[in-house]
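Next, two complexes with chain A in common: one pairs it with chain B, the other with chain C.
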Partner chain A sequence: MINYSAFLPELFLVMAAILILVVELFLTPTSRRTILSWIAFLGTLAALLSLSCLSGSCPAGCNLGNGTEVAFNGFLKTDGLSLFFKMVILLATLLTLLMTFRYFKTHNTPYPAEFLAILLFSASGATALTSAQEIITLYIALETLTISSYLLASFMKKDKGSNEAGMKYLLLGAFSSALLLFGFSYLYGLTGTTVIAEIAKSLAMQASSPLAVFALILIVGGLAFKISLAPFHMWTPDVYEGAPTPVTAFLSVASKTAGFAAFIRLFWVGLNVPALQPVWVGLFGVLAALSIILGNLEAIPQKNIKRLMGYSSIAQAGYISTGFLAIGPMGLTAVLFYLFVYLFANMGVFLAIVIVSNKTGSEQIEDYAGMWKRSPLIGMVLLVCLLSLAGVPPFAGFSGKWYLFGAAISKGYVWLALVGMSFSVVSLYYYLQVVRQALIVDPKDSSPISISPLEKLVLVACVVITVTLGFWPKPVMDLAQAAASSLF
Partner chain B sequence: MIEYSWLIPTMPALAYAVIILFTRRSKVLSGLISILTMAACLGLSVGILIEVLAKAPADRVISISWSWLEIPPWTAHVGVLIDPLSVNMLLVVTLISLLVQIYSWGYMHGEVRFSSYYSYLSLFTSSMLLLVLSNNFLQIFVGWELVGLCSYLLIGFWYFKPEAADACKKAFVVNRVGDMGFLMGVITIGMVFQTFDFAEVEKMVSTGVANGTFQTGFIAGIALLLFCGAVGKSAQFPLHVWLPDAMEGPTPVSALIHAATMVAAGVFMVARTYSLFLVDQHAMTVVAFIGGFTALFAASIALAQDDIKRILAYSTLSQLGYMIMALGVGGYTSGMFHLTTHACFKALLFLGAGSVIHGVHNQDIWKMGGLWKKMGITAATFVIATLAIAGIFPLAGFWSKDAILAAVYESQIPGHIVLYFAAVFTAFLTAFYMFRLFFVVFTGEPRDHHAHDHAHESPFTMTIPLMILAILSISVGWLNLPGFDAYSKFVYHGEFHEEVFNWTMAWASLLVAIAGIILSALFYYWKVFSAEKTAETFKPIYLLLKNKYYVDEFYGWMVKKFVFGLASICTWFDDNVVDDGMVDGSGWITRKMGSLFSLTQTGYVQNYALVIFGAVAVIYLMVSF
Partner chain C sequence: MLPVLATILAGFAVTFNFFHAASVGPNALPLLTSFIVIPILSAFMILAAPVQWTRWISLFMASMELGIGFKVFFIFQTAVGGFQFVEEVPWLKNFGINYILGVDGMSALMVLLVACVYFAGSLISWNITLRMKEYFILFSLLVGGVAGAYESLDLFFFFLFYEFAVLPMYLLVGIWGTGRKEYAAMKLTLMLLAGSAFMLVGFIAMYFTSGVHTFDIRILGDLAKTGFNTDFQKFWFPLLFLGFGVISAVFPFHTWSPDGYGSAPTAASMLHAGVLKSLGGYSIIRVALPAMPDGAKFWLPLLVTLSLINMLYAAIVALKQKDFKYVIAYSSVSHCGAILFGICTLQVAGLNGAIIQTFSHGIVAAMTFALVGTVYGKAHTRELIKLGGLAAVMPILGGLFVAAAMANVGLPGLSGFVGEFLIFLGAYKSGYHGGFTIFQTLFPIAILAIVMTAIYYLRLVQMVFYGPLKDPHYKDEVRDGTFIEILPIAFLLVVSLVVGLYPKPFVDMSNATIAPLIEHIRGFK
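After this line comes the complex of A and B, so read on.
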């Protein structure tokens, strides 16, 4: 008997995706966009709601789960930690779908059904990844996520930029997958098992071998690509710039969150053995610092806002890795909290980008001049979300970074926290460039920008959450602490 | 009701957000939101009062905490503390705020930034209520700074007037001096006691002093640091200079913030942390003498001022001095009682002055005169408030002021007799200058016929709050009628003990007040004595008072001489070393590095792949060797 509860959210996503493909056959081109979008939206919403049932706190009192569900001989285990990751990924997917509604209106996609279905498949890969307890399962989930992402990135097939982005992402993604698989194969060779917990046991009994270190480095290389950690980050700006904006938003949050989930499962559980731990912790320290420095510095001369957000996301990956180094409940809580904060700040900005470029057709920062006068709400979103990303109090990004750096300092990585803090100051420069354009410079064209009620709601929600969590992080911190407790 | 007390500061804060974000374009809607929220807060406060009164005196302290920020091992709390003291303040703040907001509807009529004005009033009230309800030092500090900010925004509401812009800066800077001490006190408390909770700190202090862990002098030091904050916010000497200038704001704001509520925050804070002050008599003596000195000092300045609002401002300083003095001599109940009565009649005086200014468009009392006939309600309510502040039987001020005088007379601190006579003399001066104001403005012949012809009674939105406050100014004092003592039995510190009303002393001070009024009438009503001639005869004293003892000039000189000197050295260093060298230099280097690193982003996949594989190889080599 298969325990379906363990992959219930994934089931919803996949069923919605299949339903979209089937229903599309019966629809006329004029009506299909709305109906299909709604199916996708409801499917994701159902997946999101099922999380609360699985956590055992279902408001309706169903008995689907009690926090931990195991299936396939323990290869897939949905615990509190994976539920938190799934929540972030599914929220990101919902917001991506919302952007897609608007994006479809201007960019005439001939295949909306395929786009939506692939997006949902991709999301199901990401959520499944967070439950994987075994490296083959993990790899398959990861490839479900990334292969779908290649397609999504290159989906605007008449658009040169999108094609370039998809091609680059495919080639470099394939290289990184090769590294990852190569590393996995050594790991299997050394331990004779693919279950992560067993790998840890087996490695703990062995003496440190250069092969294990080699495997570790290959795995870091392969996975660091997914979360765009320097020096495996170089694809990021190019792909972010060229891909359709909703896809960029999806990659920047959902894909990154899944990557961190994989890192935590593999390294905090599988490779957390005395012989290897100092190696990868030191390695991550260097990579995190490198990402923070390179991401922030290279963002400065950017003129295109999507490209800017690409560099920003590299720096953000560096900040999150700072908390990842602090192995323990405090570090994990900080990472989870920051991912939640990052989700809303980043998604708010990308939704604003989609809305603006829909009207102006431009993604250049200088075309954001006077955005405040054209739409006060977008001005507000840019101000609050970008300052939150920069870590300015009283926004959520500040408390998030506070916890991340605090966790790092408590484990003795003062130098890394200092790098993070000083380069947060550097990051203000480029974030404020956008804010300056939007709030201070006079608009060249002052025609107002219209926003649909649903989008307004989401934009306001992003602002409210970002501000509230700055003042009162407790609700999400409690959630993150509960999630972290399933690992410790 | 008590479990919903957190709504009291939250609702006006939400009203602020709603007005700023959504309803700013509609003046009517913004005003209504603000007024209705305040009415709801008042209703809730009354409900809490009833609930607290229903409890036995020992159960009247309810503290509820929520954890706010957790940074292990340390947790910051937010909470509400419901006890007679905070319930008293809740009622004062919400009631005065509601009346002032209704009054403002008429007074600010035609103001372009009407909605912003109401949003600031809401934010102010919210911050004040946060401060009042706070159960820990951290939260009280947050509320403290927020009311300071709102005061700044509202003094400078007409920021295009240079005087208003200067005044709001002055208020902010002078308050900073006091707040510095307050913050140091709060930090010391956090470090020494490892908690910010009032009740826990109180308990640790009492056990710590009893078993000798803490020296009384140390606790007194903390208490005096906290008192610095009170000196700034309640405008006690030597930080009193900001309050008279704060009168540049709209008059209802002066009534709400700079007379009735915010300036009383310092008094409230001393009452809230009273246990720390009680530990050492030296601290109490300092508090009492600063209060007593301010009372006399400000009253004497008020004698020679010409601006209607400034006279009232100095009388506020003087009355706040009374309250601080009362707390200093151990008269906890009398100090808080005077705060309550003063809030009513001082708000009334300011709103009445606002009504006059609204009528004649002027603030100089020598351009007014004979307004009694033109503005009946304003004049009638004004005379009630004037009698109340002068301490005439049986109005509110009589009961509270005499309670303070009795407390000073019976106290144990050294030199209390000196304080007593200073306080009685202040009462005399108060009666004199308040009636000087009244006679000059409302009686006699009009001095400026143009302004007089223009004068008119204010609309009913303004006169109704005046009438309500007039009723309160008469009757609030009756809460403490001898034998009834409802107030003393409700608000007290430590153990309740009966206080016998000293009628002899009360009649004596009443006579003093009446003497003040008669002297004032001789000068300004019957004009038997000539004010001009007197000023001429005592010219040096007159000039000294007129120029407020030259304190502003002294501060100005100090700042120019010392602060500016130091500042110019710092400016040079900043311009040449910090700005040109470090800031511009690091900015230039950062931008250049950004451009340089961007060159690595070639756009060629083969380069990127090379980096990926190269990085893996380099990392392996580095780890292995």
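After this line comes the complex of A and C, so read on.
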């Protein structure tokens, strides 16, 4: 008998997506956008709420299990760790849906149903990825996520940038998936199993072989592409700039979170054997440092805010990788906490971008001039969220970085922490360029920017969460610690 | 005039009644937390209240803050020593982070300093009209950050509050500044945060090396004997010093300071020059010396050299400035060199001198910046060539400026003298303990810097206030300071006079920290 609880959130997402496609047939073009958006919203919300039932400690008391659900002979296992990842991904999806609503007010598309459905499919791929315990399941989930993302990135058919983004993403993404699959095939050949835990057992008994190292490098390359670690980051700025803004936001948070989930399952469990561990730890050290350095330096000359956020997200992936290197509960807690913080900071910025470009039609940083007059709330969101990304107290990004670098130093990566901290200062320079425009410079056009009540609520929530977690990180830290304990 | 005085008195009254229970004792109200919360609360109140209430709220809250500052100062028991008013709340157990506030003699003085400058700064900002609400919000947040940094006994919170103060500074300089304000704001922010990046890594390294996994400054200080070996100290002391040195504008990391203060609005310069900058010297005494005495001794020659360069170089540069405010800015850099020099003596007298000088410099620099700001607001120029003879049209401000200049120079009777005297006493004495005899040859150089301070301040007084009135328009257009402008400056002058005439309680307080610290350091080779 199939244990449906193990993939309950995915079920909700997929059902909502199918419902959208079916319902769309019966609706008139004028009314359908609102109704379809509501279906998508409710489906995602249901998925999100089901997480708390699955965790075994639902406040409403409707527990479905004790926190660990296994299905398909253990190929899919939903434990505390994957619940945390799923929470981040689903929250990101919810916020993306909110942005979508605003975005399609100006960027008209004849296919809202398809967009929403693909977005939900993509989210279901991302959430499934976090519970995958077996490399083929993992690969299928990953491809569900990325193939949907290619479609989403190129969704604005008449827009040159969007087409370019989709094409680039598709070509490079397919290549990296091929690398990953190639690596997996070696792994299978060496161990004769596709279950990650079995792979670890089998590898531990073998002598170190160059083939394993080769497979390892292929896998690192393939996955590093997905979370845009340098030097596999070239696609990021172009895709982030060209893709519809809600999709960019989705990619920057949900896709990255899923990527890190895959990293942790594969490397911390599957490849954490004495012969291989130094190799991939060394590799990741270099990749993390490169991402931090290149991402931050290349962000400096950017004029387009989405491109800037693209480079910023490369650097952020680098910071998170720093914590990923510190194998252990402390490193994992730090990574989870930072992902949660990153989610709200990044989503706040992207929501602000969508709202502003909806009004001004521009994504240039200089067109953010005078936000303090045009919309103080957006000015505040940019200040708080961008500086949180830079890691300035009292915002949550600061505590996040403190734990990440703390975990890294505890395992002896002082040099990496020094690189991370010094380039955080570099990042402050370009974040402050945006803040400068928004809060210091006088507006060129001082017409106010209107924000809907729901958007206001979400923007305020992003600010409040980002500030509160800086001072009082305990609730989320406890959650992250509980999640981390399911692996250790 | 009357409403202002009434507001101030109301603020005091609330403090003295409401916080009356807040003496040392088990049922005490958290006095130190209130000290951080009041400015931050003020920011939120200003945000919510109508715009015409802004400066009244700020003044009221600043008066309350001043009341608490005095309370801490007077209730603190010098004879008992150690950390008092300690508040401890566990924050993140697994990461060894606790919310610990507490003051010893040194930080009690700093708390008083913060309160005085906040009070004076609120008054001096009275006539701000551009984006007034935002200005006072940021100013209050800045004070909240500074106050927290001086009271924290946990490195995490120390760092958090310190950097929390940098951010409002960026916006204050960027929006309300003058001259190349955006350049100055960016330079200041990036340099300060670059310094603190190294500091942070150092803190975390201390955390893990200590073996007990704590950020508690009191415990880390005691670990110097067991936890941190000499190699560790030699490696990490310079990194910590880099962070602290950037804060206190030590040569060659001082360049943010003249530009920053030159451009910042008056109250921000007062608070940053007077209080935030002193955090550098303060944290060397609080964190680096107790935890890494061997490291400090190893790097002492470098530190002494830097401090001397700091004093002399900044004094020479001050002599050549054409802008009124830049002279004061460089003078402040030079004074911070003297503070570092005092710390380097590793003598009871020298370190006490450094602390008294920190306090005095805070008061005096705030007073001088307030005067410059007020004069600039009336004369609309800070170029020394265009100013002149202003004493004729603004006699009270002129007189106050002469007093401020004398306090900077170190005239006996004003606070500057006490600090400098003790520093030189310490420098002279340090030869007798077989320690660092080089001081006796070096300290004439330091005295030279004091002489130069006198030269450039007298030049300033002469160029700005005496001689014939350069611009005839000033005769009709410029008026002397109003009550609200004179009040903060006069208040700061009174504080400086009190320290100068009766330094005993202040020195006793700083000695409550320094005497045990020197004992602690002596224990090392």
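We adopt the following convention: the second predicted complex is superposed on the first by the 487 of 488 C-alpha atoms of A that agree within 3 Å, B and C clash if a C-alpha of one lies under 4 Å from a C-alpha of the other, contacts with A are read in each partner's own complex, and residues count from 1 in each chain.
Going forward, a contact is a pair of C-beta atoms (placed from the backbone, for glycine too) under 8 Å apart; a residue touches a chain by one contact, two chains touch by 3 or more.
On a predicted model such as this, the values are computed, not experimentally measured, just so you know.
Chemist: Putting chain B and chain C onto chain A via the overlay, clash or fit?
Modeler: Aligned through their shared chain, the two binders clash on chain A.
Chemist: After superposition on the shared chain, which partner residues are touched by A:283: those of chain B (first), chain C (second), both, or neither?
Modeler: first
Chemist: In the overlaid three-chain picture, which partner chain does A:387 touch, first (chain B) or second (chain C), both, or neither?
Modeler: second
Chemist: Counting only touches as set out at the top, which of chain B and chain C does A:171 meet: first, second, both, neither?
Modeler: Once the two structures are laid over each other on A, A:171 reaches chain B alone.
Chemist: A:237 in the overlay: touching chain B, chain C, both, or neither? Say first, second, both or neither.
Modeler: In the superposition, A:237 touches chain B alone.
Chemist: Classify the contacts of A:409 with the two partner chains as first (chain B alone), second (chain C alone), both, or neither.
Modeler: second
Chemist: By the touch definition at the top of the document, which applies to A:301: first (chain B), second (chain C), both, or neither?
Modeler: Only chain B is touched by A:301; chain C is not.
Chemist: Applying the touch criterion given at the start, work out whether A:432 contacts chain B, chain C, both or neither, answering first, second, both or neither.
Modeler: Second partner only, chain C.
Chemist: Regarding the shared-chain residue A:422, is it in contact with chain B (first), chain C (second), both, or neither?
Modeler: The second partner, chain C, only.
Chemist: Using the superposition on chain A described above, determine whether A:477 touches chain B (first), chain C (second), both, or neither.
Modeler: Both chain B and chain C are touched by A:477.
Chemist: Report which listed segment of chain C has C-alpha atoms clashing with chain B; options: 224-232, 242-250, 386-394 or 404-412.
Modeler: In the superposed model, chain C runs into chain B at 404-412.
Chemist: Based on the A-chain superposition described above, do chain B and chain C contact any of the same residues on chain A, and if so which?
Modeler: On chain A, the overlap between the chain B and chain C contacts is residues 330, 402-403, 406, 429, 473-474, 477.
Chemist: Show which residues of chain A lie in contact with chain B when the two form their complex.
Modeler: 167-168, 171-172, 175-176, 179, 210, 213-214, 217-218, 220-221, 225, 231-232, 234-235, 237-238, 279, 283, 294, 297-302, 330, 399, 402-403, 406, 426, 429, 472-474, 477
Chemist: Where on chain A is chain C touching in the complex?
Modeler: 330, 333, 372, 387, 392-394, 398, 402-403, 405-406, 409-410, 414, 417-418, 421-422, 424-425, 428-429, 432, 436, 439-440, 470, 473-474, 477, 481
Chemist: If you look only at chain C, which of its residues touch chain A in the complex?
Modeler: Chain C reaches chain A through residues 91-92, 94-95, 131, 134, 156, 159-161, 163-164, 166-167, 170-171, 174-175, 182, 186, 189-190, 193-194, 197-198, 200-201, 204-205, 207-208.
Chemist: Can you check the complex and tell me which residues of chain B touch chain A?
Modeler: Chain B residues touching chain A: 67-72, 587, 590-591, 593-595, 597-598, 600-601, 603, 605, 607-609, 611-613, 615-616, 619-620, 623-624.
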